[in-house]
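Structures are listed in the sections that come next.
There are two complexes below, and they share chain A, which is joined by chain B in the first and by chain C in the second.
And now, the complex of A and B:
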């Protein structure tokens, strides 16, 4: 089965600056994929290219095996934007009636259930709905499609914790029905809560990619305390991502050769060696710092 | 569905423009009939009607048609709904086609309905104006003046923001209308003369004689198609 999204050397230039600088990533099917990145890292630009709202400068992008943004692929996907703006002049009933005929897989029973669960006022105009209610309406318009692939751009932006929780639960439920979810966020905790696959980008390039479980098991932090720390280069080897010297402590982030590094510490005079797992937030921050250091 | 959307987005503007043009038409017919005293013995409103459609209605309809060309995806970007619209399984070309056809039909209706109001106004005032003449004059205006509509269409895809595109559209319509009157060498290109050539008016009855001015209408329609094609090209290529 083809991946939900595949991009290769994707670039997007605005004037003299690049929002995407050779983005190559694969979004696997059947997963909840968190698309992590700082503000301005290129998340929204990537999503807009996948939807054909903006045109790529170079590179390739496919969605569900078809060229990104083609009309036929848009019939198979759903999208919820960051500010959840919908047609203000329509009522809730009208926008549902407007959207329904575009999608052959629309399920009326899901529509009825969500209208009841979300307590959406059918006769109210979209313009008078709060952001929370607009989010619920946007979710309804997407979840009823039972599309193969759902893209969400910062879905929790501006929502209160209760609404955020409700939205995340809806996404997990949708994923259980077989929909691949791809959602961008700069909230690491939120991504960690529901995603099982992570793609993190910085300055328009992927800096971290893989299943969350794999990343958690793969990366370790090794802290070594010395009376007289050796030069950091002593620990440079394959699998070492970052070495930081803070006073008498050397902190190493590594994905391979962890036992070797831990064993090397006492040989170089380490008084204490501590190896522990790394959380997604820490990993992401380290990768961003590493990217800045190398560029 | 897309057609319903473009109609919902434009209908308030269309009805407002239609009412405004009906007011202008009525005022102009009465002004010409009473103040200018063009209704004399025969009690007919022929000259008053022709003067209205060729003069006030042509002028105001030109600006109105330009306004009816505004809107579209660039405006949606400024109100934040363009992402949702473009995520639906409808191509940019189709969105453009639905909007431009809807706007062109509205422009045509905004030319025909006020023109057809002239016989009604004349009849209510005890006078007369042939319905057939009113229809043909309205048709000439609507077909021949499509250039004004396509100016609005092009401005709407080039300039973001309602005020910018409207302001530039107004300036262009003004230039098309007045440039051909003020600059001697452009006088042959007057859209007003091309649509309503004076030799096609009977000097005694003020009614239409001869054939439709197809040459002028065709030229205006051809220019309109060129501008619309440019607008379509920009819509296909640009980022939203």
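And now, the complex of A and C:
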């Protein structure tokens, strides 16, 4: 089966600067995929290109196996944007009743369940809803459709912790029904919690991509303590991402040859060897630094 | 069933689930024939991807600790190897308890002890 999204060497230029600088990524189907990046890293630009709201400068992008933006593919995807624009003069009840008939796949059970889970005030006008309530309403309108593929741009923006948990739980429910979910975020914690696949970008390029379990299995930090540290080059080998010298400690972030590195420490005179697992936050921060060091 | 996850620990979430269910079986909090929550239910409760729960249950089935009945849920396996392990687990926990007590009396913090263990396993693995 075709991937939910495939892009190759995608670029987007605004004036003299590139928002996307050769973005190549694959969003696999049947997963909750977290799209992680700092503000201004190119997440929203990427999503807008996938939805054909803006045109790419070069490169390729397909969604559900079809060119991004084709009419037939837009019918198959749900989207919740950053601004959550809704008809503000309608009440919650009216906007739901207005939206429902557009979508033959609309499920009333989902509507009923989410109305109670989200505690939405049916008779309030959309214009008086808080940002969090508006997000939940936008989410409800999308989730009831049960589309094949749901794209969300910063869904937790402006939500309190309780609302964030409700929002994430509703995404899990939707994923259990078979919807592929692609959501952007700069909150590492929420990505780490519910995503099973991540794509991290920085300056319009992918810096980390893969199954989250796989990344957690792969990466380790090895800290070696020396009386007289050898040059960091001694640890350059395949799988080593970063070597940092801090006083007597050499700290190595690696994805392969961990055992070899740990064993090399004592051979080079290390008096202590510590091996730590690496969380997504640390990994992301290191990858951003690595990107800045090389570019 | 009480499962507590620490998503930022760097340990894969499916492994955290596997370890905690395995532990529940080993200490007798779950006994043979007990039904585990449906994949969807557990995913919603823990707010993790359903794929993560599937992966955890698959792993537990491969270990022979649970049985997945298609459409009927997951059950703690009859005659699973946890039973004979239960006694050995108790014996091992005595050894661990003694070691931990000894390390504490030597003035090591729990965190230091944990790191010493981890370093030892890694070095052991590297020697092999």
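Keep this in mind: the second predicted complex is superposed on the first by the 287 of 295 C-alpha atoms of A that agree within 3 Å, B and C clash if a C-alpha of one lies under 4 Å from a C-alpha of the other, contacts with A are read in each partner's own complex, and residues count from 1 in each chain.
Rule of thumb we're sticking to: a contact is a pair of C-beta atoms (placed from the backbone, for glycine too) under 8 Å apart; a residue touches a chain by one contact, two chains touch by 3 or more.
Remember, predicted model here, so these are calculated numbers, not experimental data.
Visitor: Thinking of the overlay built on chain A, is A:9 touched by chain B (first), by chain C (second), by both, or by neither?
Guide: Touch partners of A:9: none, neither chain B nor chain C.
Visitor: Regarding the shared-chain residue A:89, is it in contact with chain B (first), chain C (second), both, or neither?
Guide: After superposition on chain A, A:89 lies in contact with chain B alone.
Visitor: Just to be sure I read the superposition right, which of the two partners does A:54 touch: chain B = first, chain C = second, or both, or neither?
Guide: It touches chain B, and chain C stays clear.
Visitor: Could you look at A:218 and tell me whether it touches chain B, chain C, both or neither (first, second, both, neither)?
Guide: Neither partner.
Visitor: So in the superposed three-chain picture, is A:81 touching just chain B, just chain C, both, or none of them (first/second/both/neither)?
Guide: A:81: touches chain B, not chain C.
Visitor: State whether chain B or chain C is in contact with more residues of chain A in the superposed arrangement.
Guide: C
Visitor: Taking the superposition on A as described, I'd like to know which of chain B and chain C A:176 touches: first, second, both or neither.
Guide: Touch status of A:176: second partner only.
Visitor: Have a look at where A:241 lands relative to chain B and chain C in the superposition and call it first, second, both or neither.
Guide: So A:241 meets neither chain B nor chain C here.
Visitor: Output the chain A positions appearing in both contact lists, the one against chain B and the one against chain C.
Guide: The overlap between the chain B and chain C interfaces on chain A is empty, containing no residue.
Visitor: Under the touch definition given earlier, write down the residues of chain A that touch chain C in their complex.
Guide: Residue positions touching the partner: 30-32, 165, 168-169, 172-173, 175-176, 188-189, 192-196, 212-213, 216-217, 219, 258-260, 262-263, 266, 272-282.
Visitor: Where on chain B does chain A make contact in their complex?
Guide: 1, 4-5, 8-9, 79-84, 86-91, 237-240
Visitor: Where on chain C does chain A make contact in their complex?
Guide: Residues in contact with chain A: 5, 7-15, 39-40, 43-44, 47-52, 55, 115, 118-119, 122-123, 125-127.
Visitor: Quick one: in the complex, what on chain A touches chain B?
Guide: Residue positions touching the partner: 48, 51-55, 71-72, 74-75, 77-79, 81, 83, 85-90, 98-99, 101-103, 153.
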